[in-house]
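Each of the next two complexes has chain A plus one other chain: chain B in the first, chain C in the second.
After this line comes the complex of A and B, so read on.
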């Protein structure tokens, strides 16, 4: 456990020192602050301000995850720094888990930072905080945890560029499988079975999206949080487990 | 390289960029407009779940401007332009049915357009908005205005003014007007009968209570009107204020309106809501 914590701490430090993270944060801050302009354009209507702000947090959270996560293992192999780590009494599983927790902490911190800017914008607009957004951000961190596990899994077997492309494709697929399944139901037959297989096997990310509820202050069904948490936890464990298995087999 | 030379080079290059942009703008090159609206299902599949943000973006940066431009088109051009506006609005409504601004804007703007189907379109969009959007008093209010002014349909006007009057965050003057739609003698009896019929037929307990309150509201108005008439017959002039009816013992006391409104008497003897 100590070893995992040490690697996580190191990964976190490395991530927060990465200049690319500051560039992403700068763009994110600009995007979220531009909601003020949207607020003026919509003549005080808070819906566009909230939806743009939350969209900014989501998009830039994903961008940060992709930039930091797509090369996280591969980079260590390329730079040969991993050999020094593995020469010590450190298992490959420790490396994967440490990298995961470190990166998750860095991305979660980035997301929270963006959420603070968002709350500042909302406070400026209507003199109160958007408490629902805190819930939306928590759901987003769950999604990010799954996504980072996916990136680490991909990064442990394929080069960064391929891993980025695969992650982006899986991200889109993860959001479109529910509508694809609804369409396939109408068609039926083998297409329906194939889409159903993809629907259950590939990460289904729609359940982490409560932004539309938050934007309209609609009540969020209580069970959604528990289901989303369990789903993220189980999928993350599966991906990290597979990453460890593949990484153990890999010849360095 | 000398720093002065670098500075000059950057300024010259920036100047060139600005100049080129200005030159491009002066040519007023217009790319051909593509009349294409993707299906809501397709858009929803690829927007990463950011339906609400995309709906806001499409409305604020595209469709709202399109509606403003539409209002200034000739009658013939409005026919084709409306089809495109309707498709784009439908996409926004499908992406985020609760986003109220597109419904509000459409309900206000369309009846005033030269487009022959403007009123009907406004009614359809307004009804969709009342059913699906976040509660926004402007949708039922302007829908009721359309029913009253354009379609001369007092029954539906009363229905939507009632919805507007009970929508949270409605400004007080609009609430006062909405609830008191039907106060004028010409439509009061009809409006009272509508609420009476709702009271007697509805199974919905909340609606029944609401109808009862309206019936009491209109009964009070009739009662005060009759008292004013009696005062005129007795004294040959209208009372200046409602208290005169009590002091002259025509009524024992001024009844309390269930909506909390206070009334005043006009010079013509008509009852009006006090501001």
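After this line comes the complex of A and C, so read on.
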């Protein structure tokens, strides 16, 4: 654990000193703050403000994950920084896990920072905080955990650009398959089989989207949280396990 | 003692290291020499556990490589090292120290190491601001962070100015004086002759000579003997 913690701390430190992260945070802050204008345009209706703000947190959280995570292992191999690490009493599994926790900490911190700006905007608009948004951000961090594990898995086998493209496609499909499956059930045939395959193989990221509930102040069933947590945990463990297996076979 | 028995490394159909066997006694400086692409770096990467041999075994102090306790005893500096550029020199050394199971080291220990390699004044600068020579020195410092019994250096004198080379050579000598075994790769023959007790010569993945440097240079300079041996191997 000590070694995983040391690698995680180092990864976190490297990530939070990356200028790209500050650029992303700057844009995110501008985007979330611009929801103040949305508030004016909607003549005091808070729903568009919440919707715009939470969407901003989500999009920029994913952008940060992709920029920091798509080359995280590949870069270490290409630049040979791993040579220092692996000659020490460190296993390749330690490297994968340390990188995962360090990157998750950096992305979660970025998300929390954006959430604070969002709460500031909401407080300014209606004089109170949006407590439901805290829950939405927690769900988002669960999704980010799964997504970072996916990026680490991809980064350990393919170059950054390919890894980014694959991750974005999986993200898109992962949000689309639940509704696509419902439609395909009505159509049946090969389309149904194909979409079912995608649904069961790729991560179902819709499980982490409770933003609509939060925006409209609808009650969120307790089971949704438990299912999302268990799903994120199991999927993340599976992806990290596969990443370790592949990384162990990789020639350096 | 470092004991290497019949190690080979193949990448696809290419044999990069071919049945190399050698023993390195404790407390000596061993120079591993060869031309570019001869298999020196691959051999060293196998010894320190970065890459696995296709066949053969490597033992350090009687324990097979792969046993994590072996890694506690070794220090390694890769060739032309790359670092985590956004860290400072001191942060990188701290990180290196934290990767060992032994108790936490104090900053005084890291300061001492940085002084030893002449980087103390630059300890709080980001590594991306370091020159090539400074990076080489930092690579050397991190290899010593665990007070290793065995130190492996891949081209340690590359990229250093004459004063830097002299300092690193002095450090290698002082490591030997303190009982540390030093195994280094080099194609700079002058330094090898000056520093080493024993040498190994590798060409096209095969070990051509392993033994005392004085014995090898009995009737001439190391450079002449080395070229003659490699050319003979090429024509055979």
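Points worth noting:
Following the convention adopted for this analysis, the second predicted complex is superposed on the first by the 252 of 252 C-alpha atoms of A that agree within 3 Å, B and C clash if a C-alpha of one lies under 4 Å from a C-alpha of the other, contacts with A are read in each partner's own complex, and residues count from 1 in each chain.
In this section, a residue touches a chain if its C-beta (ideal position, glycine included) is under 8 Å from a C-beta of that chain, and two chains touch if they have at least 3 such contacts.
Since we're looking at a predicted model, the values are computed, not measured.
After overlaying the two complexes on the shared chain, residue contacts for A:206 are found with chain B alone; chain C is out of touch. Of the two partner chains placed by the overlay, only chain C lies in contact with A:81; chain B stays clear of it.
With both structures placed on the common chain, the touch criterion links A:215 to chain B but leaves chain C unconnected. Once the two complexes are laid over each other on the shared chain, residue contacts for A:2 go to chain C alone; chain B is not touched. Judged by the touch definition given at the top, the superposed model places A:48 against chain B, while chain C stays out of reach. Looking at the shared chain after the overlay, A:89 reaches chain C, while chain B stays out of its contact range. Contacts of A:14 after superposition on the shared chain: chain C is touched, whereas chain B is not.
In the superposition on the C-alpha atoms of chain A, no part of chain A is touched by chain B in one complex and by chain C in the other. The touching residues of chain A, when paired with chain B in their complex, are 38, 41-42, 45, 47-48, 50-52, 54-55, 58-59, 171-172, 175-176, 179-180, 183, 205-206, 209, 211-212, 215-218.
Considering their complex, residues 41, 44-53, 55-57, 59-60, 96, 98-101, 134 of chain B touch chain A.
Of all residues in chain A, only 2-3, 6-7, 9-10, 13-14, 17-18, 79-91, 251-252 touch chain C in the complex they form. Residues 11, 45, 48-51, 68-69, 71-72, 74-76, 78, 81-84, 86-87, 91, 95-96, 98-101, 139, 142, 146, 152 of chain C are the ones that touch chain A when the two sit in their complex.
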